[in-house]
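Shared between the two complexes below is subunit A, which pairs with subunit B and subunit C, respectively.
Take a look at the complex of A and B:
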């Protein structure tokens, strides 16, 4: 029972930040039809930016609790600074191309951003452990858990609900939905599709950077952090179904639990358990759990 | 056909002669480029049917591990035999998945192959008997039972790799123009119509997958023979990304362009890592973006004369 609880808490904690990152990935795919390999690089940018800002905050003698706000601001700054540059300055020239070719375009972006990140922050690791201790430890049963891990679960729920509300209950969300269904008709109705693309991409980047910023206190921020995150967030959205918020949530929970199960019961399977689950889901539900099967066109 | 065979023979002899006079570092670079080009050639077999395999690194790793294991454990050291065994093993291990994968299209095919390669990577990293994340070394190959001197090994591996590259390119050129090859091209345009006309889409795609697996294993084994070392990173997604990179760079219109693209990638990588050690990925990414933007059909589309012939 204790082991099951530990697996559940570990799995949910891992799923929480992964959900935030995957939500951005699935949003960008849903609107722009781009499976963005560079999403992991924006996650890394968020982590680096948070590490720098929190270090500066700590140095200035500000209250440690304000570091959470600093991490949020770092993610917003990453989105505001990089989204127009990458979407308007680069991606828009490739719209309408084959989706696999677009994956390659984002692969090129990923390669470039790896070096740009190294040029800005260098090759040495950054540590920002202060926020991790903010919530202390919380006892559940006989086991003690780090409060920050549970805070991330709450953050993921809040972010997920906010995105769902934004897309389903606001005028802006309805505009985005119209663009998803038909950019041409939306454009003929007076919607500025290019602006919707840019804002959606910026929100996607913000979510990646937010995931990176709030995991920064749990990891050593160093070159290469983006590489692992890319494929694992791909697994989440593929399991859930591309373009689906509910799918991203369920996908993240499945991935989180699969990994936690492997770590606690069969450590040798930790590295591939997630991909095994992804392969199994694709075998039985080729378009993911929350995606309707599309008819083939003649 | 005769003209094609003579051209292939002339290309082989000319490249062999050129290889004998170039410095060893360039010989090694060309060997790696041709070995990796073989893996990318496999991707082109699938790309012509409208799908892109993002997990060819797994085939390359299977070929590489097979060659190195056979060398170390069975003592079979022949430079011709080892790549063939690597290709066959990749084909055998992935054969059961071919009928399943034949039903997938678009990004889902790419992601399923990617998942398979990452499962392979995870297994290889955790298998201590295969050296874990460090991998293991293999020794110097022989040719037809002859032990090779130090200065001969590099050229021999280059010659064998060149032979397999030319032979596979020739096979690909003939296959692409055959009925099966043309069916594959038709599948990309409209697979339902292919079925209505009596073609088997799933069988064609499965055969393409087997061929791609064989070429992946072949290329992986040749790369390991040149490097003298194998490790799980062969199966990591970034390795697969590079193979796709070459396939996209080349396009599907010319088999020669695939080998040339692989050489171009190696040259760009080698020179940018030598002259811009901190920004070589930046240069590589920029290069890829420019190719996709201005040569959407790949380097193969630059070929003068008829289009879409091969």
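Take a look at the complex of A and C:
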């Protein structure tokens, strides 16, 4: 019982930050049909920005609890500063071209951003562990967890619900849905598709940066943090179905639980477990768990 | 005195030729290719500090500002020229980069490689090209235990001594261990460290039993689940060879959960995270540095000079990677100068330099380096283990209760494979 509880908590904790990042990835794909390899780089930018902003907050003598707000602002700043530049300045020139070309363009972005972050922040690690202690420790069964880990679960739920509500219960969401179904018809109805693309891309980038910003207190922020996250995020969205919010949520939980189960029961199978689940899903549901089968346009 | 125009012309010609030769001599340099991680996950902890160390040291060499016996300008009067190459990108890329360094950049020697996989990939290529290669950092014992190289050298001990010295330290301090758990990265370095630690424990703690054995992937970053697994089974000791960002994240995440209070944590390669993490490193953690490096370096005028040189230029004290780079370049400099002397002051050939380096000894900031294994091409060196203690006054993690281990006590004897030596119960080890 204790083991099951530990696996559940560990799995959900791991799934929380992963969901936030994967949600951005799936949103960008759903609207713009871009498999954004550079998504992990925006995660890294969020982490670096949060590290800088929180350090500045701490230095100014502000209350430690405000560091959470600082991290949120850092993620927003990353999205505002980088998303329009990237989408309007680069990606839009490749719309309508082969999707593989867009993947290559985002891969080039990923390589460039790795160096850009190093040029801005250098190679030395940044630590922002102050927020990690904000919620103290919480005992669950015989395990003691850092409250911040569980706070991330709450944050992930809030973010997920907010995005779902925004897409399904607001006028802006309906416009985005219309663009997803047919950019041509949406455009003929007077919708500025390019603006929808830019805003959707910015939201996707914001989610990546948010994931990075709120993960920063738990890790050492340094070159290379973008690599691992993009691989595991792809596994999540493939399991859940590209472009599906529910899929990203379920995919993240499945990955989190599969990994936690393997770490506790058979540690050598940690990575294998995640990709085994992905392979099984692809065998039985090649389109992912939540993506509807679509008629092919001829 | 009669004027002889023909003679004057000849004198002028001879002077011109002489001047040309002098210019050529003045322009001749000693060219070194330095390969280390300049990007990616190993850059911050190893690659860039090592390159920073190379830069300040070579600058000091070129100005003749290093203390004796390193006080000749450059290498035997030749200015040292360096080509830096990023080690990131995988073994295949490194093989091509190595060829470029020799064939395009015409370097006299390549000094490089942090990753064991990269070392294993490039060593046979240098051998095939018959070019001088010095491995300065990577830890795998397989380089010389599974090969008989002529052109490849390694100027630092391989990884076996890290775990042997750690277990010897535990035994010397009478730290009771009935059950121990481990967390090591799931690649050559982590798996070798795990095996060496278990074999060393079997020698000195025959009744100790391994419990949790975690092998997260390199660069995992998130260790919440592994920490739960480690804490779910009581263990007297938790061993880890994690390094860089992985180690930093592990300490940041496990410290607040009380792991360091429940078990004695031993980290075999942790010195490089101390300056950055500061008081996040729990007191009493037993750490190694893969040599007597940084805060554990034995006091000497050479170490004091090196410490100040590096600290002044980089605003942080040197840790293991710059130390290993320094000992590599110092060994190369002395060998090349010795070969130069034997070559009547002329720039020595590659073979002459290799002959001089093979089996040689030299003093480094971390103590004496001896090319004692692998037919004189693999170094051994003394090492040290100690405990962390945060100094509020200095705002630094200090290391106390340091114990030094002789090289022959923690390294296998010549011609004995590491695994065989560990299984033999450290047969032939010479400990004081």
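Note that the second predicted complex is superposed on the first by the 292 of 298 C-alpha atoms of A that agree within 3 Å, B and C clash if a C-alpha of one lies under 4 Å from a C-alpha of the other, contacts with A are read in each partner's own complex, and residues count from 1 in each chain.
To be clear about the criterion, a contact is a pair of C-beta atoms (placed from the backbone, for glycine too) under 8 Å apart; a residue touches a chain by one contact, two chains touch by 3 or more.
Please read these numbers as outputs of a predicted model, since none were measured by experiment.
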- Message: On the A-aligned overlay, A:177 touches which partner chain: subunit B = first, subunit C = second, or both, or neither?
- Response: neither
- Message: After the superposition on A, what does A:187 contact: first (subunit B), second (subunit C), both or neither?
- Response: neither
- Does subunit B (first) or subunit C (second) touch A:238, or do both, or does neither? first
- Message: I'd like to know which partner A:10 touches here: subunit B for first, subunit C for second, both or neither.
- Response: second
- Query: With the two structures laid over each other on chain A, which partner does A:93 touch: subunit B (first), subunit C (second), both, or neither?
  - Reply: first
- Message: Tell me the contact category for A:145 with respect to subunit B and subunit C: first, second, both or neither.
- Response: second
- Tell me which partner A:108 touches in the superposition: subunit B (first), subunit C (second), both or neither. first
- Message: For A:118, using the defined touch cut-off, is the partner it touches subunit B, subunit C, both, or neither? Pick first, second, both or neither.
- Response: both
- Message: Quick check for you: in the superposed arrangement, does A:268 touch first (subunit B), second (subunit C), both or neither?
- Response: both
- Can you list the residues of subunit A that touch subunit B in one structure and subunit C in the other? 114-115, 118, 227, 268, 270-271
- Message: Help me check something: in the complex, which residues belonging to subunit C touch subunit A?
- Response: 38-44, 48, 186, 212-217, 219-222, 224-226, 228-229, 231-232, 244-245, 248-249, 252-253, 256-258, 276-277, 280
- Query: Where on subunit A is subunit B touching in the complex?
  - Reply: 35, 37, 90, 93-94, 97, 99-101, 103-105, 107-112, 114-116, 118-119, 227, 230-231, 234-235, 238, 242, 268-273, 275-276, 278-279, 282-283, 286-287, 296-298
- subunit B residues touching subunit A in their complex are 52, 54, 100, 103-104, 106-108, 110-112, 114-116, 118-123, 125-126, 190-193, 237-238, 241, 244-245, 248, 278-282, 284-286, 288-289, 292-293, 296
- Give every residue of subunit A touching subunit C within the complex, in rising order. 2-3, 6, 9-11, 13-14, 17, 114-115, 118, 123-125, 127, 129, 132-133, 137, 142-146, 149, 215, 217-220, 222-225, 227-229, 259-260, 263-264, 267-268, 270-271
